[in-house]
Every structure is written in structure tokens, then in C-alpha cells.
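Below, each structure is written out as C-alpha cells.
Each of the next two complexes has subunit A plus one other chain: subunit B in the first, subunit C in the second.
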Partner chain A sequence: MNSATRIEQPESAAAAPDLTLDVERIRNDFPILKQTVHGKPLAYLDNAASAQKPQAVIDAISEAASTCYANIHRGVHRLSELSTSAHEAAREKARAFLNAASAKEIVFVRNATEGINLVASSFGGHVLHKDDEILITHMEHHSNIVPWQLLCEKTGARLVVAPVTDEGELDMLAFGDRITSRTRMIAVNHVSNALGTINPVKRIIGLAHAQAIPVLLDGAQAAPHMAIDVQDLDCDFYVFSGHKVFGPCVGVLYGKKDHLEAMPPYMGGGDMILSVSFEKTLFNDIPYKFEAGTPDILGAIGLGAALDYVQSIGLDRIAAREQDLLRYATETLSAIPGLKIVGTAAEKAAVVSFVIDGIHPHDIGTILDREGVAVRTGHHCTQPLMDRFNVPATARASMAFYNTHDEIGRLASAIQKTIRMFA
Partner chain B sequence: MTTNKLDHLYETFEILDDWEERYRVIIDLGRHLPPMDEALKTEETKVRGCLSQVWMVTRVSDDDPVRYEIIADSDAHIVKGLIAILLMAYSGKTLDEIRSVDIDAVFEKLGLDQHLSPNRRNGFYSMVERIRTLSAVT
Partner chain C sequence: MNELSELYQEVILDHTRAPRNFFEMGDATGSAAGHNPLCGDRVTVYLHLENGRVKNVSFQGSGCAISTASASLMTEAVKGKTLDEANRLFNAFHDMVTGQADPLLESGEPEFEKLAALAGVREFPMRVKCATLAWHTLKAALEDKSEPVSTE
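== the complex of A and B ==
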């Protein structure tokens, strides 16, 4: 409630861009935020797992299903035309969101995980050979580890892991050392899901490209929080998940045109072909070559609406708002005796992972849930990282721009209650 | 005797209308769970879960060879408490008795049914599944 006023900046700061947000109005855009849980108002602090959907997204899906839904790309009838236009308009929105050079470089997938698997299998399978190396980091999500391990098993390539410091930052010296004459692929998360660390991806890409090594960025945790420009980054591949950007479960894979054109298809089926005969099948152009079968048409349309919504607020505003929430959460939680924040990088997204002496994260999550506070507890699909920090799991509060200081205050009170209950 | 313990717990929960008090009871039950020999906590006895770890061993009772004993532990306090409730329902019983336990009804009566939902993905849920499998195949 009062959080909107708290971040309001003085009118006199006219020179600086206006980065204030009307949080109360924004919260009204998200119907689910009005829910109560166990009789308490919901404080949804599990945005890194999946973000909530604004009415604009719900309406876009409902509207499309009610007025212009049919299968795309093959019907000549009116609904199919409308549906195809809406689907391709969503692709254009995803292109604009990432500032890709062409909509042909935007492949719709199920989620970021599928995007990485597609690149590992199709691109990796194409360029990697025995004893080649794939460089990742110790803070990757399992979805940016396992696809590469599968590829290593298939090709005889090796997975090389760059270490993470005690603060949860990438050790850039060690990272540089691990780039060798055998490195053929680098895959790094833009933002760590478990720690919130924002990685120096431009530096990484600079180092990699100096040796002509392609780079995939896992942007699942970056896309909801900051403006992304794949041309400026000059990354070879970028993936993100629609459901984390306030949309439905549709993922986006960006790939440089030359790469996508050289890559063999990932899956075979309808819509990815030009012509099929039992002797020879000709594949469709990019991006359709990678989109076998009927895609999640309504999901893509919903994603388009989500990206419009995020753009209408402005990623600069979102980033400023979330940095304020991060500062407040870090301050508030650090003041709790016995609580330790895991991941204290200088550059972080609005994620606070923590452990409490003598209380298992599962216990923390259970009590917080009773207080209406939704956080994630577990290893966050980053078991190697948990091992690195010597914890079985953490509790993680992850904020979105619609969260408030009041909700963070409730998180802190619920944590204090948890500590009292287990004392 | 085991049923009495459960009945006693039902009564306690009825008196306590505050969830916080009930969870305090669960935490306390966990604290009084008979300790599990560390040597029994192996990869084989570990029941995998995403959130917390559970170790479980079932064995035939020394006193009465038709009855089964369950020895279990967890690294999370609340899960230990839930294990204690599980033992009230299952431990020291014959396979027929184990089969006839309606564990969902027990947890529902205690208002703890959320802990039996598969999406909790914890070792505790897997433990219940394991007991169910054990009684089904044997």
C-alpha cells in the first residue's frame, strides 16, 4: 500500500528519467494477487519459479480462443489466416523484446529448457567432436548442465565447469583459464536462479568470440528483470521462458541466422518441411524448420500480450523497482539473527536465497506458507551449486515489480515466527 | 496401543484450534522420534525427495515376527514429526493391518493432508508411497 509512495522520487529530479511505478495500479492488473492463502493475503515471492499473469494476458488468450482460433500456417480459411497472423505477430513481439535482427531468428519452443536442448542437440551435435570441450559454470540450472552432459555422452566431448566465488560470483580469471584451444561451446546463465547473480555476459562473450567460440545465454532469469539486446550482447543463442515473463508456458530461442540455417532440424514432423517423399524430405526455412507439429498457438499469443505488458511498464522501470525491493529485502533479512544469505554478488537480480541455523529450508517453507508467504525451498535445480555452498537446500524469496515492501516485511515477520517455533 | 496414540493426537488437535500450536505439537513429536542409527542412513535407505531427505528401514519385529517395525528419520523437523504420526499409524502392525490403514483419512482428520500431496515432492510423500508398495507386493 504505502510502498508506492516509498519509492516515489521527488518531482524535482527532473533530469533523471522517471522510473517510478504506480504499484497499487499494477497490482490490480494481476487478479491472483488478491487471493488469500490459509486466511492470509497472498505474498507471492516465488517469481523466479514462475511469475503471475496480468489480466491483459488472460484476456488475450481468452479473446483469441473466442474469436480467431484455428491451426496455423496451413489453412486458407479465414480463421486460420487470423490465427497465423496473431501467432506471427507474437514472434515479431519476441523479436522486438530481444532486439533480434530478424523474426526468422526467433524459434518458439516449450520453455528455456527445450531451447537449450535444441541447441545442444542440433548445433552441438553438429559442431562437437571427441575431446572437444563445452564450458559452463558452477551456478547453472540443471537445464543448462544435463543437455550438455547428454551431448558429451553422444560425442565424447568433455564438460568443463568454471568455479564460483564464496560471494556467488563467477570467478572470471578461472573462467578465462578454462577457455582452451579445445573449447567449442560456452553456455552460461545470464542471471543465476538460485543466487540472483547477474553474470558479466558481455565480457564472457568478448572472451569467447576472441577465440571464435559460440555462446549460449540462458536468459530464463534475466528476461523478466532487464532489457535484453541480443545484437548488442552479440550472443549466438539466447533462451528464455514465457511463463517467467508473466506469460504462458511458451519458450523463446533466439539464434543467429547463420547458425540456425546451418543447423539440422531438432524434431521431425508437420510444418517443418517443404516437401516429403520417402526418398527425400526438404526442410522448411528457419524458424519453421525447428517448429515441428502444431505449436502452442494460444500460448504464443499470450506471450505476445505479456511482452507488450512488460514493455508498456518499461524494463528500466521494472529493473529500478526490483533493485529497490532487493535492497530492502537484503537489509531486512540480514538483520535477522541466525539467517545467512547465500549469494551476495555485487550485481544481483531481485533474488534472496537464505538459510537459517538449525532449521531446514523445508521447515521454513512450511511455516511461511501458513503465513500466506510463498517462497521456494529446495535445491532450485542447482544441486552442484548447493554442494558448492555446503547446504542441502535454501529458501528463496524472488521478487517481481508487483511485490511490495509490506510483503517483504511479512516475509521477515514470518521468518521470525519460524525461528521462535523451532527454538 | 498404536491406535490409542493416534486417538490421543486427534484429541489434542481438536483442542488446539491454532495451526501454530498444532505445528508445535508436530515439531515436538519429531523431537521425540526414536533416533535412527547413523549406520542405517545409507544411499539404499534414502527416500529421495526434492525438498528434504528421509531415510527409512522396515524390518520384521524381533518380538513378533508377523509385525513390521519402521525406523525412519529426516533432516527437516516438521517431516520428522510427520514421520512420528506415520509410525503411529503403521509401525508394529501386520501386513494386513498396514494394508487396511487409510493414511489419507488420518492426515485429513489432522488437517495435514497437504503433506500427502504428490506435488510436495518431498521424501515424506515418497516414504508413504514406499510403505504402500511394500504392503501391496508382499
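== the complex of A and C ==
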């Protein structure tokens, strides 16, 4: 079995783009991967929960803190100027990462969750009325369910849920049926965190826009794995979390300029205003209108470095590498008797959720941990989806480009050991 | 590996495979539901109290090996006990799995010895809640709380 080196050796020397990736060199960029856990080398397979940070990100934060840190937009002094321009440079990097038309369409938030809440509260609160409908799917993360439920409670709108097939794909016929004359908003994950399913978001946006319905894409699990072009997608809103893209915990909300301009502020405070008097307050322009208070300045700078890092490897190369890891993990794990993979969509990101007959995922997680293998076990903040598949929880291995076939092999051996213990 | 085999020792695996007192009690005088949101464990504890004693106790639910075995062992330990004794067991068990004290190991009483099979949990801080879920639920049932118990 020489598949471990498959990715390093392209099969033909034809004109196909070179998608090889020097894994050894890349692993060296991530100090934490050199750790041992319980005396075993760390195999970090919990990237969907949060991804590790390359030295470039660690350095960028420490460099900024050591040389140019001050509050932004608030001082005429040198450090404030430097800090402001580093912060705005990060915004430009996020714009380029999503290929947004303008950096004004990029709002820094805390995480994907805050981005969705901002849209639900500000945009949703603005356009939704009693008996209107919000369409989501059965495979959403809680953070793309609960903000809409809160909005429904406030406005009297209704939450409509599109079903998921046994393979873990969206049932697109049923999805189409659930778009009605009352649908005012569609919110869908680009990639499912629990199943790995890559959703046909362009088709969804096409269906939605045919009825002039705006679409929010939850890109928390897509941004680390594939090139994203919000103009090509034509989505109305896109959110992702920096911490899953190898950066710090800063989130990005993209919104089309027209929407952002029409939306009321989400929070009030400093920075989001032009002028304040007790009679009348004028709000700042976008994106600042949505950035009340001092933001995570160092976090944004670190995120800029993370996006640079990811771009320097190339998202096409990352996607190719991860598809190879996904193939290998799927093959290896499905060969284990008694193990069932939950989520077998044709289009998947490098996520393998699984259950084992008679062994609770929590016990699997504990035993794997003692082998140095870090996976997530639980409901993955997708309880409705777990109910749909009739499982209380799953164990989930989620890969990043720095993972190796060897680590997946160790995952498989640790699973075998778990099965032996419980036999 | 030692810690692992201490955690998943034969008594635990046995109670997981074949939990004792695992049924819904028709003539329960009290019951309570518990939930561990972290891993999705759910347990309902049923009690039949008579003259200040736990005449019968059972449980139902689904969970990991640790929470199932803990619930099963608990029902065996508290059956026939007075409310005071049951509360004492609760405290002793709690102290044992959180690593605060070892009254169970030291006491030498037979039902304590069985519960001590769960002492290994203290080496696994993320799993302590699995072991205590049934006990917190028992306490709620004893106090007749109608609010579901959550470990979070």
C-alpha cells in the first residue's frame, strides 16, 4: 500500500496543475503538531472543531503586540495609525479570501455564530414579519438554528426545515418544495460539520434568487477547505470563523453592500457612530456601523496572517490533499467490522463521522485520546441531525491538510483496540 | 494504558453490557430525568420510597459505558437504604470521583467496594460528569424535583 505517498507523486506529467504538497515541511509550520499526548505523538483529527495555528500566525500576533499595538481609529499617534492600518490590511485579506467586491462588505465579528446572529437580528428583524418563513436544513449547526428561532419568537415568523436523505445529502426536491411565497430568508451551511456534506449552494442560491429570497451561507466548515468566491456564488451573506482557518478566534461576516447599508446596527457603542448627541446619533458607514467597541485587533491581524498562509499553500492544493485523506480514511474505517460511517454524501469535505455497534462515542473518544488521537465525540451541536440518524452522538475524525495517512492508520488501530476492549 | 484498564475494568464493562434494575417502574413514588448535554447521555431514575426507605430503584436511558455502569451500580447500592444513607452514599461517591477523598475505598463496606470500581474516573476529568449523572438524578428524584437535571 503506497497510497501514503500518492499525493506527493502526481500520476502523470501532463499539463494538469501541480497539486502536490510537501507535508513534512507543512507540519513543521505547526509547532503544536510536535507534541506528545499521554506519551504518544499527537494525531490531531479534530480540525472541524478548531484548527491548529502555524508559526506565521503566532509570529504575526506577537510581532504586532511587540511593535505596533494600540487602539484603532482613535488616535492620531503613530502606533494607533500603524495598528489601524494593520487591522484594515487584515480586512482586505479577508475580502480577497472571499473575493468580495469591496472591503466595506467585510465585517469583523467574534465568530461565525456572531455573524449569523448579526444577520438574523439586524437583517432578519428588518425584513421579517408575522407568518413569513425562514428556510433552513436539517443538518444545520445549532448556531444556524437558534438565532432564527429567536427571530421567529420575536417576529411571529416560522422556521421551515428542509430534510436530509439517509446518505446525509440535502433532499433538493423537498428543498425546492419548501420555498413558498412566504419564504423571506434561506440560511444553509455550505459544508456540514457533522457529516462533511458539501451542499449544492449555487443551486440553492439560484432557486432562492428566482424568488428574490436572500441567502445566508454558513461557511464555517467550508472556508478552511475550499476556495470561496462570494461574487460567483452570489450569496447575500457569508460567515466563517477564523479559528477554523488556522487563525485566532475572529469571525468574518460578508454581506452585500446594499443589504449592509439598509440594515440597522446590531450593537451600539463607540466606533459605530459618526456623531452622538442625546437628541440624535448618526451611524458610521459600513462596515464600521456593525463594529461597535474595540474589536479583537491582534486577532484580526492574526487572521490576516492565517489567510495569507492558507493562500500561500493554495486552496486547490489543500482541497486535493484533503480529498486524498478523506478517501483513505473512508476506506480504512469502513473496513472495520461493526463501524458505520454517518454521512456518505457524494460530495464531502474531509470529515468522517462514525458509530460503532455497542460502544458509545464518548468511550471511543476517551480510549482514542490515550493513544494520542484527538477526535470529537458528541452531537457536534447538531442535535436535530443526530435525531434524524437515530444516534445520540457520533465520533468524528476531521482532517486538515497537515494530517497524514499514518495518523489515519493510528486512528484505525485505536478504534480496533477500543472494539477489542469492549468485546 | 493502566489508567484506561482501571477505568474500563471488568465490573464496569459487565454493568454496561447488562445493566441491573434497568426498567421503567410502574409504581414509582418519584422519578427524575437527567441529561448530560456534552455527550447526549440521558437517564431517568425511578424510586419507590416507603417509610423513609428506598424500597425499590431503577433507571432507564442511554449513555456511555461509564454513565450506564454508574447508574446500574448506583441502583444496587441504594436499594434498601434510608434517605440519609442514600445521601451519604451520594456525597461519598461524589468525593471519590472528583478525587477529593476516598471514603469509599477506606470504608470497607461491601456496597462501597462495588462503587469504588468507578474510582478510576478521577483520572479522566472530562468523564466525571458521566459517572455522576445518575447520582445527581437520584438526588433530584429523592428531593422530587420536576425540573430535568443537567450536568452543565
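Basically, the second predicted complex is superposed on the first by the 413 of 423 C-alpha atoms of A that agree within 3 Å, B and C clash if a C-alpha of one lies under 4 Å from a C-alpha of the other, contacts with A are read in each partner's own complex, and residues count from 1 in each chain.
In this section, a residue touches a chain if its C-beta (ideal position, glycine included) is under 8 Å from a C-beta of that chain, and two chains touch if they have at least 3 such contacts.
Predicted, not measured: the structure shown is a model, and the values here were computed from it.
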Could you say whether A:N117 touches subunit B, subunit C, both of them, or neither, answering first, second, both or neither?
neither
A:R370 contacts which: subunit B (first), subunit C (second), both, neither?
both
Should A:H362 be classified as contacting the first partner (subunit B), the second (subunit C), both, or neither?
both
Check the residue A:S398 against both partner chains and state whether it touches subunit B (first), subunit C (second), both, or neither.
neither
Touch test for A:T137: subunit B only (first), subunit C only (second), both, or neither?
neither
Between subunit B (first) and subunit C (second), which does A:M421 come into contact with in this model arrangement: first, second, both, or neither?
both
Looking at A:T197, would you say it contacts subunit B, subunit C, both, or neither? Reply first, second, both or neither.
neither
Examine A:H379 and indicate which partner it touches, taking first as subunit B and second as subunit C; both and neither are also allowed.
both
Footprint intersection on subunit A (subunit B / subunit C) at 359-363, 366-367, 370, 377-379, 392-393, 421-422
Residue numbers on subunit C that touch subunit A, as the complex places them
1, 3-4, 7-8, 13, 38-42, 62-66, 124, 126-127, 130
In their shared complex, subunit B is touched by residues of subunit A numbered 38, 359-363, 365-367, 370, 377-379, 392-393, 417, 421-422
Any idea which subunit A residues touch subunit C in the complex?
359-363, 366-367, 370, 377-379, 383, 386, 392-393, 421-422
Within their complex, subunit B touches subunit A through residues 19-20, 23-24, 27, 50-53, 75-79, 122
